[in-house]
Amino acid sequence: MRIKVIIPNSSVPFRDSQIKARKSVASSGTTVEVVCLPHGPVSIESAYDEALAGPYIINEVEKAEKEGFDAVSLDCAMDTVVRAAKESVTIPVTSAGEAGLLIAMGLCSYFSVVTVLKSTAKDIEDNIRKYGFNIRCKSVRYANIPVLDLCDTDKAVTAIRSEGKRAIFEDGAECIVLGCTGMSELCGILSNELNVPVIDPASASIQLAEMYVSMRLSTSKYAFELPNKNK
Amino acid sequence: MRIKVIIPNSSVPFRDSQIKARKSVASSGTTVEVVCLPHGPVSIESAYDEALAGPYIINEVEKAEKEGFDAVSLDCAMDTVVRAAKESVTIPVTSAGEAGLLIAMGLCSYFSVVTVLKSTAKDIEDNIRKYGFNIRCKSVRYANIPVLDLCDTDKAVTAIRSEGKRAIFEDGAECIVLGCTGMSELCGILSNELNVPVIDPASASIQLAEMYVSMRLSTSKYAFELPNKNK
Amino acid sequence: MRIKVIIPNSSVPFRDSQIKARKSVASSGTTVEVVCLPHGPVSIESAYDEALAGPYIINEVEKAEKEGFDAVSLDCAMDTVVRAAKESVTIPVTSAGEAGLLIAMGLCSYFSVVTVLKSTAKDIEDNIRKYGFNIRCKSVRYANIPVLDLCDTDKAVTAIRSEGKRAIFEDGAECIVLGCTGMSELCGILSNELNVPVIDPASASIQLAEMYVSMRLSTSKYAFELPNKNK
Amino acid sequence: MRIKVIIPNSSVPFRDSQIKARKSVASSGTTVEVVCLPHGPVSIESAYDEALAGPYIINEVEKAEKEGFDAVSLDCAMDTVVRAAKESVTIPVTSAGEAGLLIAMGLCSYFSVVTVLKSTAKDIEDNIRKYGFNIRCKSVRYANIPVLDLCDTDKAVTAIRSEGKRAIFEDGAECIVLGCTGMSELCGILSNELNVPVIDPASASIQLAEMYVSMRLSTSKYAFELPNKNK
Amino acid sequence: MRIKVIIPNSSVPFRDSQIKARKSVASSGTTVEVVCLPHGPVSIESAYDEALAGPYIINEVEKAEKEGFDAVSLDCAMDTVVRAAKESVTIPVTSAGEAGLLIAMGLCSYFSVVTVLKSTAKDIEDNIRKYGFNIRCKSVRYANIPVLDLCDTDKAVTAIRSEGKRAIFEDGAECIVLGCTGMSELCGILSNELNVPVIDPASASIQLAEMYVSMRLSTSKYAFELPNKNK
Amino acid sequence: MRIKVIIPNSSVPFRDSQIKARKSVASSGTTVEVVCLPHGPVSIESAYDEALAGPYIINEVEKAEKEGFDAVSLDCAMDTVVRAAKESVTIPVTSAGEAGLLIAMGLCSYFSVVTVLKSTAKDIEDNIRKYGFNIRCKSVRYANIPVLDLCDTDKAVTAIRSEGKRAIFEDGAECIVLGCTGMSELCGILSNELNVPVIDPASASIQLAEMYVSMRLSTSKYAFELPNKNK
């Protein structure tokens, strides 16, 4: 099985820093290829960034299908242009934000999301209402750290842990979904310290993609019709 | 007051066919300028089209602010990249789909939307859940007509009226929101025949934009933060 | 266009203090007439007050239609007998509470209401659930000031600003809807100080009424049937 | 224990036709007094009727408390001015519509309401959303019979049974709540024929009032503050 | 009328401590018999306890019907195996948790539950979502006292009152539903001190059972089909 | 990795008929052991059956943890005693009904469930509301076939396909979740014929369990506290 992970920004250093984590998630028989975009914003921190990256994301998704990949994992907790991506191909497309929420709900009654910035938090709140999961969501908090600063692990862990604790003890969360795919490396540490399940959305998305392929399931084309591309 | 109407597709004939209707909506003191996109799909009939048009839409929104427009009306019932557009500027941005729903809810308890295609219906359903208005929505129906075929007025009226009647008599709608901005010219006819209010989303969006300007209100920047554009 | 603003209490001084603000909202071609009730409570601060004022409100609404007004704006954030008012005539009836909420939702994802008293807050919460907007509402707060004391501007601004800040910083509101039509004069000051949109419901209702008239829309009589008045 | 049943219309014949049914509901130690209003509409079939009856209803509720009644049952499935009535006194106030819904939900997962007219159906739908019970409600249907024609038992049973069957077999209702207090006499017949519980709201309201008195419970004055009556 | 109260644990001392309170709730003509289980956990403090007690509960419910009881009241605020119990017989089955919530909602707009332990709180939250009442529920709090320690009245009252106050003043509850049937004796004291209605679920359940019997109503067998017991 | 699949009924023939399907789902490195219960109902077709099977299910779950299994998959679409099972151990517990819904929601906006009997449909509806997924669920339909008759493949496929088509074309489902774990063998056929994704809940549950183990995630013990077992 071959899964293409599309990081929807144009930062090669960010991509390179994530490859190891992404590859380590997959089962033994699965090949994971990690790409970022040739153009567009260097990080996705707003719906504005998402809109600018949109065409490049779609192009990568379509290319993945042509290259024979079995599935695509969109590597962003904001679920960038996820409806468009699901429409554009017939292979399964998973997305980190959505996958993280689905996986979390099997482990708890109430989750919170901890993301990087206020702007990403607002966008994720929109998604959660769109998915109808707001009844299960206690809060969407943010650590106030730009995506590309997550490499300062100590600072990042401190800030995320602090918001995670507030989510648990003030808001009632029973599980934390990380609200950025740049936090994969921090997930283990945070899990140990917060004492509730902490979900890495990037990993959740890859594993969910694997599951769909192995169950021979794909996106409902009744829900996500193939668009007319010849206009 | 000057309002820029951005039709988020690249069809000049479509734009030209809508100018008169758009200009006729505005109050006497208001100037309405109608533009379409220089590139991108000739019609927006899917989230796929929306994603491809995204950067061009944002560019037009930003240009409108620089040109000194008082507000922008996004002329699409699918609310194309509306969060990004609202983030990108400080002037008010209204969007046809959202405006149509808001205006409808002041006239009824339950509305239905009648749009062009299954693919637009699915996208509009996503938006309605995202806005939390699903509790007020009886159905999202579609007339099965591509946007650019709406110029065949008779055929269009027949198909939309039929779905409108089903919305009213089978689903319980008390008001119909048209789910495409290409239906402005048909709104009067449909209103007379369906005997419930029929909302033209393009007009609703322009009028809502005017209202915000005259009330000195704009999009909450606490909700839609200005993005970092220098990256 | 002629719009009748019905203040649903019997306080002539209150009415007189609001006339200037109401007239200033309308477009150049619109005539606004502001009336209060001949009898009934001097302020509407509870559902009890609303019930006692009910017949007088309906009488004024019906009179407005006979006098040839194009629309009625019910000037109360508690939406006093709004279903009855909408049923009673065929011209559009808007109501300050409902209009304020609709207008707010085009500017933010989450709003809070700041009203005068606990009793008005409870009633407004009922309305918000009835309209299905609770998913978008972060809180309904009250400044603990009776309606007729709002003329002490300094005291009023201080108390409302304080609750507005709590709504924004503790509850997560991105926009404030004022929960009393006696706060029109304070709206500008509050807007400047709170740094989010602050909606005056009285103005929103007049503007929405104008919009309905200019779009040739009126209340769905399928939703709000004309009652049998001959019994 | 003494319970006052307030029929919120001015029809003495209607009141007289209901006395026997109301008195038969109470426990042995309970005295039930049934009154109607001295003025106002002869039947409550719209929010318009409700608004006109409002002051008379409140007056009767306040009188009941002064006369030493232990509780009031508002005898209308539309829950006429129920918030105002609960505010106005400290004794428990139950209301037929609300009581019928509460009692029904202990017997099923999903109920439907069958009421008299479209106008009452629309009002009851508003209430159900206001109470937050829409998630448990499959439909609000109407038999298209004015209240005062319910005395034609055969016609009434035929029409209500037909809508009840549609509620059960088309909509999925597991229990029927009658949507008018003038249907008490028909409840037994309908129950037998529909084979699901059929709730008479008038009886439910009296029994709920008895329960509150015997449990020494009353309306939360924190939710329904006593209004300022001296203005 | 004869009602069987089934305490779904095996603690004879607990049962004996509750008999007086249960019998005192019933009307003069009603006989109340209080039983506990022959086996199973000595208290129900988790879904785990509930699962272990399940078959014994069902057995007692079926026995009650064979013994000619008119109704069963399941005496647990966690609503232990309540769907199974309702399925198993044709007589009405009420359950303390569900009954407490229904009775509370007639007295307020927003309630909170105060229960014994975190584990019971989590289970009750599940039930409240299942019943669709979460829109009316401000919080489910717990006093951190095991069921069998409730006999230390002073300690129990202190802890429950403290959480009740937080529910009212921090969360916005207007009514408190006690989240354990072992709190009946404390209900009066708490009511006086908290100044909002405090509902004893055990009493609510018995009274609701009486109401159903006297109204000749029973559980909808369309909702809760009699199971095939011969397999 | 070792996963224990617990079929919560006592039918050895049913268990034997499912072993092949269950084992075929797992990844190459995973051992799947399939057990049924030593006692209890031969099939789970009601909450009644679930309650009777409860203690045996819990016993098997606890035994699985002691035997060193890495996860448990509860093999029933009704999610039998799933809260109790999750409480009872620290290893991940997945359940077929819940897993099927989670997996489906990544592939569509709206799903329907097609189960065996009305009684299982009612129970599954309860679960869907409890999980808060009702906003995504178009219908829960049943094929009217007892579990143990599913071995008549032709009859089963015909009946399920018919309900599946109604779910898609009448109710608007975009994906079908099978509502019984005895339908695994039929899933492929149904998928081909219905042209939307068809989810086998038994497979979904095993794959989800594998995912949790490989991601080192387990049930939140903050949500599902270990119960006190020494009482």
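Which chain is which? They are A, B, C, D, E and F, in the order written, and residues in each are numbered from 1.
Keep this in mind: a contact is a pair of C-beta atoms (placed from the backbone, for glycine too) under 8 Å apart; a residue touches a chain by one contact, two chains touch by 3 or more.
Just so we're clear, the structure is a prediction, and the values are computed from it rather than from any experiment.
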Query raised in the report: Superposing the C-alpha atoms of subunit C on subunit D takes a rotation of how many degrees, nearest 5?
Result: 180
**Report entry** Of all other chains, the one whose Cα centre sits farthest from subunit A
**Finding:** D
Requested in this report: Taking A-F as the reference interface, identify its repeat among C-D, B-D or B-C, namely the pair sharing over half of the contact pairs by residue number.
Outcome: B-C
Query - Chain centre separation (subunit B, subunit E; CA means) in Å - result: 51
Query raised in the report: Taking each chain's centre as its mean C-alpha position, how far apart are subunit D and subunit E in Å?
Result: 27
Report summary line: Rounded to the nearest Å, the gap between Cα centres of subunit C and subunit E is 43
Query raised in the report: Multi-chain contacts in subunit A: which residues touch at least two other chains?
Result: 109, 122, 126, 129, 131-132, 135, 223-224
Report task. Let me know each pair of chains that touch one another. Result -> A-B, A-C, A-E, A-F, B-C, B-D, B-F, C-D, C-E, D-E, D-F, E-F
**Report entry** subunit B residues within the subunit A interface of the complex
**Finding:** 41-43, 45-52, 54-55, 57-58, 81, 83-85, 87-88, 118-119, 122-123, 126-127, 129-132, 223-225, 227-229, 231
Query raised in the report: Residues of subunit E touching subunit A in their complex?
Result: 122, 125-126, 129, 134
Query - In the complex with subunit E, residue positions of subunit A that touch it - result: 109, 135
Report summary line: Given the complex, residues on subunit C that touch subunit B span 25, 27-29, 92, 94, 98-99, 102-103, 105-110, 131-133, 135-136, 168, 174-175, 188, 191, 195-197, 199-200, 203-204, 207-208, 211-212, 214-224
